[in-house]
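I have a structure I would like to understand better, so I am pasting it below and will then ask my questions one at a time.
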Amino acid sequence: MSTSSETMPKEPVIKCESVYKIFGENADKMLRAANGNVDAAKFQEAGCVVGVNNASFEVYKGEMLVVMGLSGSGKSTLLRCISRLTETTAGNIHIDGQDLLAMNNKQLIELRRNKMGMVFQSFALLPHKTVLENIAFPLQIKGISTRDAMKRAMDMVELVSLDGRQNYFPRQLSGGQQQRVGIARSLAVEPDIWFLDEPFSALDPLIRKEMQDEFMRLQGVLNKTILFVTHDFAEALRLADRIAIMKDGVIEQIDTPANIVLNPATEYVSKFTEEVPREKVLKIKSVMDPITDGIDFSDLTISGDAIIETVAEAVLAQTKPVRVIDENNNIIGSLHSDKMIHILFGKDDNAQAGA
Amino acid sequence: MKLKNTLSAAAIGLASIGSHAMAADSAEPIVIPTHNWSSQVVMAYVIGGIFESLGDTVEYVPADSQAVYEAIRIGDVTISHEVWQSTFGASFYNAMAKGGIIDAGTHSAATLEEMGVPQYVIDDNLCPGLPNWEALKNCPEVFATADSEGKGRWLEGPQSWHGDLMPIRLEALGLGDLYTVKFAGGADAIWAELASAKKEGRGIITFNWTPNFTDAEGFAFIEFPAYTDGCRVADGGDGACGSPKGWLKKAANYKFPKTHPAAYSAFSKLDFSSTDIGQMAALVDIDGMSHQDAAAKWLADHEDVWKPFVE
Amino acid sequence: MHRRVPDMGTNFFTKHRKLSQFVILLIAFFALVILVKPNEANVLWRFPSLLASLPGIINDFAENLMFNWFPIQVYDPHIEEYEEVALLREVTRGFSRGVLFMIEFIREVLIGGVKTIVAFTSWEFVRENPWAAWPALPWTVVSGGAVILGYALNGRNLALLAGAATVYISVFGQWHPAMETLSFVLVAAPVSVLLGLLFGILSYKSHAVEVALAPFLNIAQTMPHFSYLVPVTVFFGLGDHAGAIATIIFATPPMIRLTLLGLKKVPVEVVEAGLMNGSNDKQILFKVLVPTARRDILIGVNQVIMQCLAMAVIASFIGAKGLGFNLLLALNQLRIGQALELGICIVLIAVVLDKLSLAYANKQTDYFADLSFAQRHKYALVFAVFFVGCIAVALLGQLIFQDGINYLYLIPHNKGITTELFWQSGVDWMVDNWYAGLQGFNRGLIVNVLQPMKNAYLAMPVSATFLLVMGTGCIIGGIRSALIVGGLLLFIALTEWWDRALITMYMASFSVIISVTFGLIVGSICAQYTFASKAALLACDTLQTFPSFIYLIPVIMLFGVTDTSVLIAVIIYATIPAVRYTIEGIRNVPPSLKEAGMMSGATAFQRWVKIDLPLAFPHIMLGVNQTVIFALFMVIIGAMIGTDDLGQYILKALSDKQGIGNGLMLGLCVAFIGLAVDHLINTWAAQRKNALGLS
């Protein structure tokens, strides 16, 4: 578990309980008959497609949950259930303790206008509006005066570094720039919850990396509660506080990146983790040992947020365990070179590292 | 209801002749239709000018010359001042049978609507013996066209004008093997053919009428066996006869005598001769004036003709 | 792939299943043609006219509806009597008055009049108060207004275009009729756009509406406008409003189509983005869906404007004043030059309105320019100054041109400059020099091609026609298609007009063959060059609005009142979509595929045959479809030259006793021919699209 767990409030921002989404005419009836035990193949025969199958999880304030899965795994459907772009077939979803599925249209609109922002894979910009107008759109929808909306939108343009291009039309921008607009638009109303549906999938690898950096920089500043959908495992590892891996509508495993890499719960998950060079994706804090009394630390101090690869050589040069600190210079753990060797080379023994 | 309307219309028509002086004309505009040939448009403005001299308001509305009778009947249009017997007689009587339209008298202009040839066909002796119809027997090839399969061709007006009158006449005169009838789509198609033929100096037989702007350039109507009552197939004859001298009527909506008694009185007295109509058309077609200007000029120059109508 | 090789050559019939089916069908067809002898009593030769009484029934129904049923007592003050008037007629006439008021209001703002004042007072008031008339605006004000509007919306080029167009119209002495036409278009076009949007949106929201509307759209788009002129006059009267209503019937269907198409193309994610921004239903519709679909919707607006002006001439048959009526008048005097100048006015109005509406839709706002009142309203202020200035100039003109024409106020109709003599001598020259040479061609074409073809069509037994058409339907789209096209044809076969319909089909099919061949070749060549493509598309736009009546006359002068003339007019018009869709189709072929073709060493011709045409095929088929519709339309207008097909009867219906019923039934016959072809082509194109993986 992430070290921030102590600071988390009790009440989750997003809470899903046994969420089902089944497409097809007799979905309701079939689901009732199945009594919670949904077999995708059987439903398919009856002309139903199972989108989400018994999903339960919680997302806490300031946390980023990345939902990872291949196409058709139901990840985007899950996201659409939680944003209520699609109606959930069964289950409960609570946003800030409010029952999302019980809301009427008016309440839903209020919720979206004030608490939610969403970024789309295909950017979903309005082609007839300029960058500035696109970003101001949610503000104008809310009824904010044009003058104020444009002022606020201009701030957002600067936030995503598009100044000078505010009067361009989407078609005049590159994919990366268009997605910056999408991000700025989703943030214009200062939402608490931020949904991102494969936001970088349509971009070139170099731009994608750049956008991920940009995204992390923004999240560092804004600290939103985030539900991020991707099919890119590396991206999930890079960004997530926790990852939910989905297959055929079922959440196979939900855990921290380190635990997933080091301790895949199912065969399906391990297919993703096998090829992952863990030193390149894991952070020190995900592999460090807790502090026990009387450790004889070396002089080296490393950041818990450092990627293993970047500090491995330095740690290996120490004979004593090194201190691991957080951004406030508090010691949060220790790491011994033996363990480092094990992480770097001992891929066969997952159990020990995960413990 | 239809019958009632027709009867009351007739009654009003009769009554108004004696009583028009008592009531003033309504301020509502009198709607005069304009069709797509010059004399009619000029005459529309001439009649409009006459009505205006009585203090009436006039409005002109473009209308198809066949569809206008239905419009008069319903009351969208007030009058029609050129009801040609052979081309519009059918439409006029169809509308009259339904009620709502009245016969407002006849011009003294004698009209003739008949097949004929441009004057140069006679002058150049392209078909010796014309305009007597017998001459046609000897020279069908002079009037042959690309699509007539070697026969001579009669270019008839649209079928809506007189149905199969001409094909029947051809057969009845024994010309069926020598000539064929082609229905043109409209008057402008006939004029285009005439103009083209004139340039080439080639023979052409076409439907035409007088008074018309073609009178100025010279047009000779073929002299068919004289028309007698009952000579047409529809009337029980064999159809081997020419057209009668036709009438040129005026029509009006049945309310017109009541709403505009003074104007109706003038309209019912209104009577143009072939000369008058020829003059009106010539101002436009020969002198190149605009229709309004032509009408104004005609009204100014011929007060002796029209003043009596309004007295 | 490897394993399939042995199967490839096994059986010609399985490989070319459809082709062999079609060959068998043709054999059966010709067998029937030979076996069934002409005999009116033989059902295999001609079906009995079971529907012969239907026009009368429709007619009686309409007449009763308008004149007899639900009578109400209405007092007519002019004849001081109560009259019985059918309720529906009062309703439609009320509607007519509303439309007419709008047209006249705009008209009187432009060229003055009293009707608007009358609408609020009475004719008596106007007669007693001669001052109560609205004065015409000086033409310079309207022209200047158009320039300023053009500049405000899209800068210098549009301002120049608007200025040139209005000056042309004024200087050529067509101001008065042009403003009459404009006022009627300014009502018909917005109403068509709004109705189109409304029904487009309703169809998008409700599948039931879409399904229910489809047949009406199909019929409205394929029915010749001549055929509903009489019903429109009976229901709505005669006048500008009737012209406007006929125009709206004609112009709205493509707008509905394109609105629906555009809305359906809006990506789901864009709508979701709108929802996630908290849009309510109304905001989703008007701020997300409609603006995002704007590309297609604007094409719809363009089509509406084109259709409205294309109707300018036809609308004058039922009372629309303006350029169209004057054009017919000029043609009847054989003043082709004048007609041409009028035609150019119509095209110019279409182009300027189209560009202005497009520029308005694409207008951008600058939110941060901190503007003063004067800056924000600079165009309005410039216009106000201009307005006052022009009126002053017009008053000055009154002093300068005493007695004569005040050129600075209004140039009266046909008193401007004219190039008539030039065009007239051009036409004369053409006839003088070409007529003799073309006669051989004309005669050869008629004797060797047209008449045999027409006779062949007429010699087809009805059973053979049905076999061929339904068989083709079955091969292309299965039993359902066969039933649809069979049903459409059956309607025609049961009327009295089957022979007439065969003649219409002969003329339409001849022109379609020529137009499509020509369109494919010209379109393909133009598509290779950007400039040529643009020029060709511009020519298409112009020809589409340019009144066809004008070129009917020179064509008649060259080819006489013959089928040749009709077919030339039809081919000129029907080639427009063939060229347009070919260019669009080929230019939309992905460049990568063209490059692949070039790299594999294909010659230009091979690339055209193997890559361009097959890939552009579905789009080209839409063009062929449009070509058929355009051809049918023009064949009907060809009745104005002189034909003996359905068109002649539609024209005749204008004066028939059963005008409403005959007109509508004949119109339906034409529409059903169009719909049958439309169905076959669309089904086939959809299959090809699937096969190519383009759908």
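Letters A, B and C mark the chains in the order given here, with residues in each chain numbered from 1 onward.
Everything below uses one rule, namely that a residue touches a chain if its C-beta (ideal position, glycine included) is under 8 Å from a C-beta of that chain, and two chains touch if they have at least 3 such contacts.
Everything numeric here is computed off the predicted structure, so don't read it as measured data.
> What topology does the chain touch graph have (line, ring, star, complete, other)?
Topology of the interface graph: linear, an open chain of contacts.
> Per the definition of touch at the top, where is the C-beta contact count highest among chain pairs?
Pair with the most C-beta pairs in contact: B-C.
> So the centre of each chain is just the mean of its C-alpha atoms; given that, what is the distance between subunit A and subunit C in Å?
Centre separation, subunit A to subunit C: 54 Å.
> Which whole number of Å gives the spacing of the CA centres of subunit B and subunit C?
Taking the mean C-alpha position of each chain, the two centres sit 33 Å apart.
> Just give me the whole-number Å value for how far the CA centre of subunit A lies from that of subunit B.
The mean C-alpha positions of subunit A and subunit B differ by 86 Å.
> Quick check: in the complex, which residue numbers of subunit C touch subunit B?
Residues 63, 67-68, 71, 76, 78-80, 84, 122-124, 126-127, 229-230, 233-234, 237-239, 316-321, 325, 328-329, 331-334, 412-415, 428, 431-432, 435-436, 439, 442-443, 445-447, 450-451, 552-553, 556-564, 638-644, 648, 651-652, 654-657, 659 of subunit C touch subunit B in their complex.
> So in the complex, which bits of subunit C are touching subunit A?
By the definition above, subunit C touches subunit A via 267, 269-270, 272-280, 283, 287-288, 291-292, 294-295, 364, 366-368.
> Which residues, counting only subunit B, touch subunit C once they are in their complex?
Interface residues on the subunit B side: 1, 12, 26-29, 33-34, 36-38, 41, 55, 57, 61-64, 66-71, 74, 76-77, 88, 90-91, 94, 98, 145-147, 149, 155, 158-160, 182-193, 195-196, 199-200, 213, 255, 258-259, 284-285, 290-292.
> If we count contacts the way the header does, which residues on subunit A are in touch with subunit C in the complex?
80, 83, 85, 105, 109-114, 116-118, 120-130, 132, 137-138, 141-142, 146-147, 150, 154, 167, 182, 185-186, 189, 195
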